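There are two complexes below, and they share subunit A, which is joined by subunit B in the first and by subunit C in the second.
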Partner chain A sequence: MSSLNALLRKEWRENVRNFKLYWIPIVFVIFGILEPITNHFLPEIMKSVGNLPEGTDFVWPKFRGEDIFVSLMGQYQIIGILVIILAFMGSISGERKTGTATLLYVRPMSFSQYFLSKWIVVNVIVLASVWLGFLAAWYYIRILFNPVAAGEVFAFLGTYSLWLIFAVTVVLSLSAWMPTGGTAGLSILILLVFQVLDGIIGTYWTISPWKLSTYALNAFGASVDQSDFWMSVGLTIIFIVLLVFFGMYMAKRNAAKTLV
Partner chain B sequence: MSEIANIPWSLILPVLVLQLILMVVALVDVIRHQRTNGPFILWIFIILLLGLIGPILYFIFGRKQA
Partner chain C sequence: MTQLLQVHELSKSYGSHKAVNSITFELGEGTSTALIGPNGAGKTTTLSMLAGLVAPTNGSILFRGKPKPDIRASIGYLPQYPKFFPWLTALEFTEMAAVLSGVEKRRALSEAKKTLEFVGLGDSMKKRAGTFSGGMKQRLGLAQAIVHEPELLLLDEPVSALDPVGRRQVMNLLKELQQKTTILYSTHILNDAEEMTDQLLFLRKGVLVENGSLDSIREKYANPRVLIEFESVIEAERFTAISPWAVRVEKKQVSIDAVEEKVGTSEVLALLHTESLHIRKVELQTASLEDIFMKVAVEE
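Right, the complex of A and B next:
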């Protein structure tokens, strides 16, 4: 256990020094604050810079606070996931390329603990960032729209967090398998393109990790059929466990590819 | 000029402060290390001129890992 401890401390220090511990939460919080503000002031913004013809009478939909959570999640599903992929695509492949790995691999270190240390630290950073973003949004929604019940928000965050852990696991295990470029491409395919595909033709199946975000919105009273929710949760957890083992195995197998 | 007074500064101020923090951290890092992918002067302009996107681009693509 003490070597896992040492690896965790090394990961933490690295993420402090490359500023990921600071800039990723700040980015998510900025998006979380901007979403309620822009939605609230949209009619006024359009009036002053929208170039609407004189006398246009446009009826703006009346947003509820819950709707803003939905649209913010839409933002995070694209921009947020992209930030996560780009920030962590080099977590393991980059260490092999720069030679940091050489310094690690000569030590008596278990590759499962090596992978696990990265997995834990990256998940902590990502979950904390997204939670801070949604909490900031929650505060602004309370001021600008209507208060949203805490129970709804935390039910939503709980389900959405599982999807985020899945996303992080995909990025890290691919990073253990492939060079950084391949990791980026395949992660974008799995996490962003599949998401769109699931939205288009996903009505034919109800059990998939990509459905989790839709199920999460149910907390805000969206009418999504919830019957296969727990099956999706179970399937996602199985995927996560399998990917973690795949990542550990690949980290060990690719150790020989380290540049000295 | 009355439109500027109408902007709810108390709501937007936190965003501006966070953006400023990002920008300052990125700038300090560029100037201290000067090891970037591409000329570091270019990165200074990207950070200063592109608003929120500039520092993000720098942290993702601009920093050269030690």
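Right, the complex of A and C next:
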């Protein structure tokens, strides 16, 4: 237990000192603030700098606060996921490549704890960042649109967090398995390309981790069939557990690949 | 003397390339052993296998007579180029190393401090490893290898990358550690091997070609020759003509194989005296460690 503590402290110090603990939340909060503001002022902005012909009368859709949450999640689904991949794709493969892992691997350290320490710290940073982003958006939505009930927001965040944990687990377990470049490519395939595929041909199935974000939006009154929501949650949790074990196993198997 | 480590027919292949080919040796408790050999001889691979970083293809490693799958708790390992997390301070890193190697949490910090003082990083323990010079990194590497007081210390080229001053300092630290623990270190610098070694293991292309004490290997490869340097080439030629022993002439220098011809300096001097030849010097030459290295390394 004390060695897990020591590893957690190391991960924490790393993320504080390479500023990931600061810039990742800042990125998510900036998006969280910009989304309601731009949507609110879009008609004004278009009017003044949009170069619309004289006399054009454009009817802007009337957004509800809930709609802003939906579009913000759309941003996070692409840009946010990309930030997570780029920030953490080298978590394990990078340590092998630079050889900093060597002095850990020669100790009687458990690779499960090694993987777990990274998994916990990265999840804390990612979840905190995304939550802060949505909470910032919530505040501006309340000012610029209509107040959204706390119950809805937290119900949404709960489900969406499970998808984020899934995303983090994918990136870390791939990092344990492959070099950084491969991790980036495969993470983008699994987390971004599959998302699009699930959107296009996903009408044929209802149980999938990639549908969690859609299910999450149901909290805002979107009309999505919820019947397989819990099955999807269960499947995602199973995937997460399997990927964690896969990551632990791969971290150990690839230990010899560290630069000596 | 009890055996701390017994290595039996240890091999490591990468594809068809045999990096280490069936080596067998033992390390007595409290001894210092040098693993020498040219670059690419398999020194680092051997140490990595003992450190548990690389799984052997074949062979067994017994620790205190027992096969232990994981001896990582009992060893300290210093790689050739230790890499540190640049954003951790020397003290933070050494403390973490101690905890991960099984030192109790409440003792870890004080042990780390003590060890850093010992290796001479007392003033820099609060600085980040990323700012360290090569010599300081090597000392930090030594600190993390000894902070948990391991029974066996594995050092991969501990002084090769250092300047003469740093080398001297680290050698002195190693000599002090030699009193307390068993050391196996690799090097291709023979003076270092000469300075603190009970046993020499000589690797060439993954094969253990020599294994013994420094003296026994010296004796085997000593190849003593009597070397005579004359005043002039003419005198050297005169000596060659009358010499009862087989000689090798090189301008003013004549040398005789002392073992084969069963001859010492006194016989040669006696002959020189009776023939009243003028010489500059007469000496008995034995092979230096470097000669031995060259001989063993390039043999065949």
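Heads up, the rule we're going with is that the second predicted complex is superposed on the first by the 260 of 260 C-alpha atoms of A that agree within 3 Å, B and C clash if a C-alpha of one lies under 4 Å from a C-alpha of the other, contacts with A are read in each partner's own complex, and residues count from 1 in each chain.
Note that a residue touches a chain if its C-beta (ideal position, glycine included) is under 8 Å from a C-beta of that chain, and two chains touch if they have at least 3 such contacts.
For clarity, every value in this text was computed on a predicted model and none was experimentally measured.
Trainee: Considering only touches as defined above, state whether A:104 meets subunit B (first), subunit C (second), both or neither.
Mentor: The answer is second: A:104 touches subunit C but not subunit B.
Trainee: Who does A:202 touch here: subunit B (first), subunit C (second), both, or neither?
Mentor: Touch partners of A:202: none, neither subunit B nor subunit C.
Trainee: Quick check on the superposed pair: does A:185 touch subunit B, subunit C, both, or neither? Answer first, second, both or neither.
Mentor: The answer is neither, since A:185 touches no partner chain.
Trainee: Given the touch rule stated above, what does A:74 touch, subunit B (first), subunit C (second), both, or neither?
Mentor: After superposition on chain A, A:74 lies in contact with neither partner.
Trainee: Using the superposition on chain A described above, determine whether A:18 touches subunit B (first), subunit C (second), both, or neither.
Mentor: The answer is both, since A:18 touches subunit B and subunit C.
Trainee: Which holds for A:259: it touches subunit B only (first), subunit C only (second), both, or neither?
Mentor: Once the two structures are laid over each other on A, A:259 reaches subunit C alone.
Trainee: Classify the contacts of A:86 with the two partner chains as first (subunit B alone), second (subunit C alone), both, or neither.
Mentor: first
Trainee: Please identify the positions on subunit A that touch both subunit B and subunit C, taking each partner from its own complex.
Mentor: 18, 98, 100
Trainee: Write out the stretch or stretches of subunit B touching subunit A in their complex.
Mentor: Against subunit A, the touching part of subunit B is residues 3, 11-12, 14-15, 18-19, 21-22, 25-26, 29, 52, 55-56, 59-60, 63, 65-66.
Trainee: Show me the residue ranges of subunit C that touch subunit A in the complex, using the header's touch definition.
Mentor: Checking each residue of subunit C against subunit A gives 44, 48, 51-55, 70, 72-73, 75, 77, 79-85, 87-88, 92, 95-97, 99-102, 104-105, 141, 144, 156.
Trainee: Going by the contact rule at the top, pick out the subunit A residues touching subunit B in the complex.
Mentor: Within the complex, subunit A touches subunit B at residues 18-20, 22-23, 26-27, 29-30, 33-34, 37, 48, 83, 86-87, 90, 94, 98, 100, 140, 143-144.
Trainee: Subunit C touches which residues of subunit A in the complex?
Mentor: Listed in rising order, the residues of subunit A that touch subunit C are 2-3, 5-7, 9-10, 13-14, 17-18, 98-100, 102-109, 255-256, 258-260.
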